[in-house]
Amino acid sequence: MKKVYGSAAEALDGLLHDGMLIAAGGFGLCGIPELLIDAVVESGVKDLTVASNNCGVDGFGLGKLLDTKQIKKMMSSYVGENAEFMRQYLSGELELEFNPQGTLAERMRAGGSGIPGFYTKTGVGTVIAEGKEVKNWAGEDYILEEGIFADLSIVKAWKADDTGNLVFRKTARNFNPPAAMCGKVCVVEVEEIVPRGSLDPDHIHLPGIYVHRIIQGEHEKRIEQRTTRKREDA
Amino acid sequence: MPWDRNQMAARAAQELEDGWYVNLGIGIPTLVANYVGDKDITLQSENGMLGMGPFPYEGEEDPDLINAGKQTITELARTSYFDSATSFGMIRGGKIAAAILGAMEVAENGDLANWMIPGKLIKGMGGAMDLVAGVGKVIVVMDHTNKHGDSKVLKACTLPLTGKGVVDRIITNLGVLDVVDGGLKIVETAEGVSAEDLRAATAATIVD
Amino acid sequence: MPWDRNQMAARAAQELEDGWYVNLGIGIPTLVANYVGDKDITLQSENGMLGMGPFPYEGEEDPDLINAGKQTITELARTSYFDSATSFGMIRGGKIAAAILGAMEVAENGDLANWMIPGKLIKGMGGAMDLVAGVGKVIVVMDHTNKHGDSKVLKACTLPLTGKGVVDRIITNLGVLDVVDGGLKIVETAEGVSAEDLRAATAATIVD
Amino acid sequence: MKKVYGSAAEALDGLLHDGMLIAAGGFGLCGIPELLIDAVVESGVKDLTVASNNCGVDGFGLGKLLDTKQIKKMMSSYVGENAEFMRQYLSGELELEFNPQGTLAERMRAGGSGIPGFYTKTGVGTVIAEGKEVKNWAGEDYILEEGIFADLSIVKAWKADDTGNLVFRKTARNFNPPAAMCGKVCVVEVEEIVPRGSLDPDHIHLPGIYVHRIIQGEHEKRIEQRTTRKREDA
C-alpha cells in the first residue's frame, strides 16, 4: 500500500467535496498543515466546516480559507487576534461553534477512538453547556460532549516513515494527533520522509494506522509572537 | 500605594508551593514565573508542554516551540511534550495544582468572566474553561478596577462566564481576597491601602 | 475432506486485503499470519503493538515483547508501540480492518460466544468484546462441531455473548458461511464436502 | 520535591489502607510492578480492590496477593490460566467485575483525565451491559462506562528521571500509563533512574506530573509463554 504522494494536490485528490467536515492540526501557526491548506484553497472546495483550535491569522494558515470564503463554519476555542475571523463571525457570514480547547481536543480523540460521547466538567454553568445533557456524579454536574467524526484530517508532522508512522517536534505536536485520529481519511505533510525502521518503534507518536496519505515539503513555519530575552553580558 | 504589575505577580508567586505543577495565563500571570525563587515549580503550557523555560535568546527562536500565548519559549532539563488531548487530560484530571489567570470580571460567588464582551470583543475561551474547571486552585490576578474606575470585583458577573463558582483567591493591585461563604474575605491589602479603601473600590459583598 | 487447521488459516488469509491492519486471535487465527503471502498486512497485538513479527529465535526472547496471548514475539521495521488505552482506541475507532477470532459458538444472527462457560470455565473476554464491537469485519475461524460432534454454528447462542450480531463470516473445517438476512449463506465448502454435508452439520438456518 | 525513594516499602509508606482501590499496570507478567506488589504483600493491607487486566499467575505478580487473600475484588478482563483466581471466584471468596480490556484501559485513562463517564459500543447486548445506561447515536446503542478513580497506582516503567518523567520499553508499556493516570497517588518502579535532561523531552511516554514516588530495582521479568522458532540452517 503506497501512502507517499508527490504533492499536496495529489494527496487530496478525490477526497474533497463541498460541505465536508475537515479536522486540522496545529495551534496558532505552530504545527499547522501549511501545504495541505494551500491545496484546499486552490481546490476551490466550499461550505467547509473546519474543526481547528484557531483559524490561522489574517492571510496565513486557515486564514487563507477565510479570505476565500470557503469556510461556512468553524469549531474552535480561540478567535484572538484574527481580525477577518472576528469580522466574518460578527457580520453573520461565518458560523462559529465555540469549544473549550480541552473539550475540542478530547472530542477529536473520542471520535477517533469510537467514543460518541463523554462527560466533562468544563463549561458547566456557561453558554457552552446550553442545550447539552447534564449528569451528576458525587454532587457535581458534568455535561455531555460528543465525539467529532471528520470526513478528512489534515495534519503536520516532523517525520514520517513510508508506512505512516509519525514523529512530531516539541509543541508542534499539539492538536495534530487527535485531529489525525478523528478523520475517515487522514493526510499528513512532513518535513522529512525516512525509510521504515529508522524511527524508534518505542517513540512513534502516532502509528501509521491513522495515516492514509503522506507528502513531504518545505514549510514556512511562521512565528506569531517572536519573544526573546537579551543575552546578559558575560 | 497600590501594587504594580510586578508586585501583584510577586504576591501571586507566594501562593505556589514547592513541587507544584502550575499553569500561568497571559499578561500579569506570565510575570509570576519571575518570582518563584527557590521553589520547585513546573510550569505547564496547555498547548502541550510541562517544564516551560524562559524566552529564547535572540536568534534562537524555534517556531516549533511556543507557549499558549503563541510566544517563543525554551525548554528545561525537566521538559516533556505531549499532545493537546493529553494536556487537557491532566488539566481536567486535577493534576495541575493551580492556575493563575487574568479576568475581565470576578464575582463574590467565584464566578469568572474572561473570554468575551458580547457584540464587541470575541476572544474565545481557549483553555481557560478547562483550567478553571479542572485545576486544584484558581487564582485570579487583575487590576481591581477597569479603566473607567469601575470595580471588576462584582456581586455578579455581567459578561458570559468562563466558569461558575470556580475562583478561590483574587489578587488585585489593592490586595488579596478569598471567595468564602456569603462573599469575599479580605486576606491582606497592599501597603498603604486600607481595608476601607479596598471595600470602597469593591462592588462585591465583603464579609469578615 | 474437511480442512485442517492450516487449510482453515490459509482460507482465512484470503479474506485479507492489501494494506489492511488486522488483529488475529489465539489458536488457529494465529496461523493466518503464515499465509498472507505478498499482501501488505500489518498485525496488531492489542496489548500495544502494530507490526507484530514472528516468534524470536531461541535465546532471543525478550520479556518486554509479547503478544496478546503472552507469547514472546519480535518486531519489524514498521513496528510501533503504544499503551492499552491507545490500542483499544484504534480498535473501537474502526481503524482495524478485520479481526479473525476463534469461537465457542456462533449464531445465525451473528452473535458470538467465546469467553466463558458458566460454572465451568471462566476465561474472560480479554479484548474480544472490544474487537467484535469495533473492527471493520469480524471473521470467525473454528471447527464446525465440538468434540461431541454437536454443531457450534447455532440458531441462537446458549453461552454468554461476546458480541451481539457482530460476526460477518464464519470459516470452519467444512466451509465458509456468511451471516445474511434470515440466516447463514454458504459461500463455499471444503474440497470433498458437499453443501448437503455442511447443512447436515449445521444447526443454524441456511438460506440461499 | 524529592520523588526518589530508597525501597518499595519506603515508597508505599503512609499510602496503604484496608479496603482501598489500587490500579496496577502490566499485561500478563509483562511490565508488572513486581517490587511494589511484593511490598503490598508484606504490608499485610487487606480487603483490596485491584483494577488490573490480569491477576498475575499462581504465585507470581498479583497472584501473590490472591494467595494471601488480601484481595477482596478484582476489576479485570482476563482470568485465563490463573487457577487460584478462578478457584476463589467460583467459590465466592473473591468478587470479580469483568471489564472488557479496552473498556478497562479507557476507564483508567478517563479517571485520570477528569472524565467520569463515556459511551462505548463494547459489550452492548452482553452481560457487560447489564444495569448500565444506554444511549443511541445514529441508530446504534452505546453503554455508559465510568472513569476509575484509584486511591493508588502501582506502575512499572523502564527509565525515569528524578522529576518522574517515564519511558517504557516495547509492549511492557501496556496498561502502565492509564493505570498511572487514574491514581490519587502514583508510585513507580523502574529499572534505571537517570539524571533529568537525559531523556529526550519529545519522547517522554508519561510526564512526571502523573508520578509521585519512584524507586529503582532489579526485576525478574518472568516470561509466561516462551515461544521461539528454530534458526534455519544457513
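Going in written order, the chains are labelled A, B, C and D, and every chain counts its residues from 1.
Everything below uses one rule, namely that a contact is a pair of C-beta atoms (placed from the backbone, for glycine too) under 8 Å apart; a residue touches a chain by one contact, two chains touch by 3 or more.
Chain labels with UniProt names: A, D = 3-oxoacid CoA-transferase subunit A; B, C = 3-oxoacid CoA-transferase subunit B.
Please read these numbers as outputs of a predicted model, since none were measured by experiment.
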Quiz item: Within the chain touch network, how many edges lie on the shortest path between chain B and chain C?
Solution: 2
Quiz item: For the chain pairs B-D and A-B, which is connected through the larger number of C-beta pairs in contact?
Solution: A-B
Practice problem: Find the chain most remote from chain D, comparing centres computed as mean CA coordinates. | Solution: B
Quiz item: Any idea how many Å lie between the Cα centroids of chain A and chain D?
Solution: 32
Quiz item: So how far apart, in whole Å, are chain A and chain B when each is placed at the average of its C-alpha atoms?
Solution: 27
Exercise. Go ahead and note the Å separation of the Cα centroids belonging to chain A and chain C.
Key: 36
Practice problem: Could you tell me which residues belong to chain C and also touch two or more other chains? | Solution: 75, 81-82, 88-89, 91-92, 133-134
Exercise. Check each residue of chain D and list the ones that touch at least two other chains.
Key: 106, 109, 113-115, 120-121, 168-170, 173, 201-202
Quiz item: Touching pairs of chains, which are they?
Solution: A-B, A-C, A-D, B-D, C-D
Quiz prompt | chain D partner contacts - residues on chain B that touch it in the complex | solution = 18-19, 21, 40, 42, 44, 50-51, 75, 77-82, 88-96, 133-134
Practice problem: Write out the stretch or stretches of chain B touching chain A in their complex. | Solution: 45-49, 54-67, 69-73, 75, 81-85, 87-89, 91-92, 111, 119, 122-130, 133-134, 160-165
Self-check item: Of chain D, residues touching chain A in the complex
Solution: 106, 110, 113-121, 135, 137, 142, 146, 167-170, 173, 200-203
Quiz prompt | List of chain A residues in touch with chain B within their complex | solution = 27-31, 53, 76-80, 86, 89-90, 96, 98, 100-106, 108-109, 120-128, 158, 168-178, 205, 221-231
Quiz item: Can you list the residues on chain A that touch chain C in the complex?
Solution: 1, 109, 111-115, 161, 163, 165, 181, 196-197, 201-202, 204, 207-210
